[in-house]
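Below is one structure, written out as structure tokens; comments come after it.
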Amino acid sequence: MKHLNRIFTILIFIFLYIPMAVLIVASFNVGKDITEFEGFTLMQYAEVFKDRSLLTLLGNSLIVSILASVIATVFGTVAAVGISGLSPRLRKPVMALTNIPMTNPDIVTGVSLSLLFVFIGSQMLGQRNSLTFWTLLIAHITFNLPYVILNVMPKLHQMDKSLTEAAMDLGCTPLQSFFKVTLPEIMPGVISGAIMAFTMSLDDFVISYFVTGLDFITLPVEIYNYTKKQIQPKIYAMFTMLFLLIFVLMVIMNLLQLKNDKKQAKRGGAA
Amino acid sequence: MKKNNSLLLSAPYILFMIVFTLIPLGVVGYYALTDVDTGRFTWENVQNLVLYLPAFWRSILYSLISSLICLLIGYPVAYFIAHRGPVMQKFLYMLVMLPMCMSFLLRTLAWVGLLQDTGIINNLLDSIGLARLPLIRTPAAVILGMVYNYLPYMILPLYAIIVKIDNRLIEAAEDLGCTPAQTFVKVVLPLSMPGILSGMTMVFVPAVSTFYISQKLGSTDVVLIGDIIERFFKQGNNANMGAALSLLLMILVFVCTGIINRFGGTDEEGAVIV
Amino acid sequence: MKKILSLTLAALLVLSLFSGCSVNDGRITINVYNWGQYISEGDDGCIDVIAEFEKAYPNIRVNYVTFDSNETMYTKMSNGGITVDVIIPSDYMVGRLIEEDMLLPLNFENIPNFEYVDARWKNPDYDPENLYSIPYSWGTVGIIYNSKYVDEADVTGWELLWNEKYADKILMFDNSRDAFGITQCLLGYSLNTTDPAELEACAEKLKEQKPVVQQYIMDQVFDLMENEEAWIAPYYAGDYLTMSDENEALEFYLPEGQGFNRFVDAMCIPKCAQEKEAAELFINFLCDPEIAGGNMDWICYSTPISAAKEFMDPEVVESEISYPSDEVLDRGTGYLALPVETTRLMEELFMAVRNGL
């Protein structure tokens, strides 16, 4: 039974990574066709660095997703602390509000935001160019916030309430007690919220596709445009590099967290 | 004093969410109830929704099947991960999450490359002397695309719940004479219910509104509601009909997720995400 | 926590550095909105038109964005909220944009190269006084088929696209005007009909075709035809030349007897433009015979500027497919802007076909 499960899990992981393998192999292909390997080359990688517009797009994507996830994480963590202190009667509708972007299909979120931005921009502010970097950023923050909140809330609930009270009794200001007591306790939730938000932002194309103008386009939106034409193999090379980069980043993050956990465990043991 | 602080801290968030989620929905409603050419009030878009009911049912059916398949194959994986050592757990968790960071579009295109008539699988079959199979542009291909893309959304919340199940409960059940199967059905399964529900929701919602997967992997007959909405906004130049369809889709999704969550009777914090 | 914070901040800094080149550097930016695969960007040893322009006008930066059909472009523009300085839509869309007052009249003083445009392409039906548009390229719509799989005896006319023998190997246009245009040729209607009954009949014909259609496509046609996933597709002549470079089994067929569409894509400046003068400089640059020649060499469409031909690959210039005789050309029909009701009806009918109603 145990072995069966192990084999099954391995099979599922293979299933998850087959398309990735196809794309990575395609990045070393001489030919354009993803289905036929004509010969090995590293040329596509050189092409990526020659392509100014591709690098700009990647930069745009990273800027939006980093900014949006950092803002959403700070904003969301503060909000989560606030929400957890609300009376249940108030908390329920607020959580329902939080769930809207989660349960709302992306396409509806994207469309509704773009209608709103155009309405405010053109009709109320009389601006010609209302879909810009800022609207894109707002949209990303909007769909990132629930991920942060829903990751932080459970940690706040698990936390022993008397800890903050103790800190305050010992003379901490509310701000101090937040940074010294609450934040370290809920940190795993904050981090996983931030990672989720960043991931969602980086790969989002449905919402971005609707709220983006022509001035500031992100990589997934342009990849969607690319897939409407002939896809250039350098896209695969870029994908492969991004894949490796994120893989390394994630490993580092995990190692840092493990170290942290160990430190905390030690501290816990000493006390 | 404390109450006030909480309100103060959450007020900006509440305001933000009202402005950027509730009001946009109002705008969608406004568009749905106005005429595309004249901008006057009309019920026409809403009445026309009846025409699209088959596409709605098809979308719901496909995404329900996909969520169930995800559950069936995702549960053993989540269970397996949850019973590894802490370092291995972290590593496997990361492996599940990693595909989600990479372009969903490119991954779907890779499936096209694998499945198409002149694709990798068929070329392989051909080269070993077997007949080519009609893999792409079938309902099964669409469901495969959905399962593939949204499986991590199932595994991650399941794992988060399973890992918290107290092993002593399982031992107790076994001590009391339960067979492993009984233990699973009577103890483990009920305890993982919140994870199952949020996993189902997290797979169902994006799957029901997808448009890229069906366009790339489906035949011209498999028209999902996401395709229709996208087409109205992008080509059809009829945002009003698109808005009406979006509203109905949203209502259906709320009803469906409501039904899914009713099974477990979870409370407000039931939506466990990882 | 501090570590993560500083890591993020460092990452942000690095990012803003290498994206810095796109932010303000005193240059003005023009947004050019064009079809995909429709300008030479330095691939295959051809000229990089945009880089050349930026070299010639160092104070202008070109932000180049693409669309996949006239309808997509129109929708994005009419939704508002964006600024575009140069667009290159097709004839009928130019006419529609003029009628809906969405274009700015051009200042021809800034576009002296207009003189190179052949007389045949000046003052076209869609812009009779030639106030708003300058032709970029032209061509015909025909059938591309793979001679390995398609029996020559079946290549008799547009009905090839309805042939059940090739079910699931046929592609069809994913835009209402071209899809209806083909059906109108097949049924013997005018390409510019406004008769609702005729349009309904076309829609019926398109529904009839749906079971044999593999996909409704625009530029995806390249990959699908080149790797033989599909065998038959209606598309633009210029793109056929690009495809036949990759797959020699591909053939082009122009159903002369039934009629076909002869199209022009033209450069215009929409009302939402912010840098009109720079946009005119860009248009002028594209009309320079040497640039136009190099550009057309890559996109393989036909140029309205005869002077450009001497800068082009002679093989393309002599090709019957790129430059058919006047006699053949006259059998084709150009699309005109249709009344709003007709366009709306056509779009609705096409949506119904696509959505399976």
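First chain written, first letter: the chains are A, B and C, and each begins at residue 1.
Heads up, the rule we're going with is that a contact is a pair of C-beta atoms (placed from the backbone, for glycine too) under 8 Å apart; a residue touches a chain by one contact, two chains touch by 3 or more.
All values derive from a computational prediction rather than experimental measurement.
Identification of common neighbours of chain A and chain C yields B. Looking at which two chains touch through the most C-beta pairs, you get A-B.
Of all chains, the one whose mean C-alpha position sits at the greatest distance from that of chain B is C. Put simply, the C-alpha centre of chain B and that of chain C have 36 angstrom between them. Work out the mean CA point of chain A and of chain B, and you get 17 Å between them. Residues of chain B found to touch two or more other chains are 116, 118-119, 233, 239. In chain C, the positions touching at least two other chains are 79, 227. Shared interface positions of chain A, i.e. residues touching 2 or more other chains, are given as 35-36, 227, 231. Against chain B, the residues of chain C that register as touching in their complex are 69, 71-72, 74-75, 78-79, 168, 174-176, 210-211, 213-216, 227-229, 340, 344, 347-348, 351, 354-357.
Within the complex formed with chain C, the residues of chain A that make contact are 33, 35-36, 52-53, 55-56, 59-60, 62-63, 66-67, 70, 114, 117-118, 121-122, 128-131, 183-184, 187, 191, 213-215, 217, 225, 227-231, 256.
Residues of chain B that touch chain C in their complex: 37, 51-52, 54-55, 116-119, 137, 219-221, 223, 227-228, 231-239. Chain contact summary for the complex, chain B toward chain A: residues 2-3, 5-14, 16-18, 20-25, 27-28, 31, 73-74, 76-77, 79-81, 86-87, 90-91, 94-111, 113-114, 116, 118-120, 123, 148, 151-152, 180, 201, 205-206, 208-209, 211-212, 226, 229-230, 233, 239, 242-243, 246-247, 249-250, 253-254, 257, 268-269, 271-274. Every residue of chain C that touches chain A in the complex is listed here, in rising order: 1, 3-4, 8, 11-12, 15-16, 18-19, 21-22, 29, 31, 33, 36-37, 63-66, 68, 79-84, 218-220, 222-223, 226-227, 272, 274.
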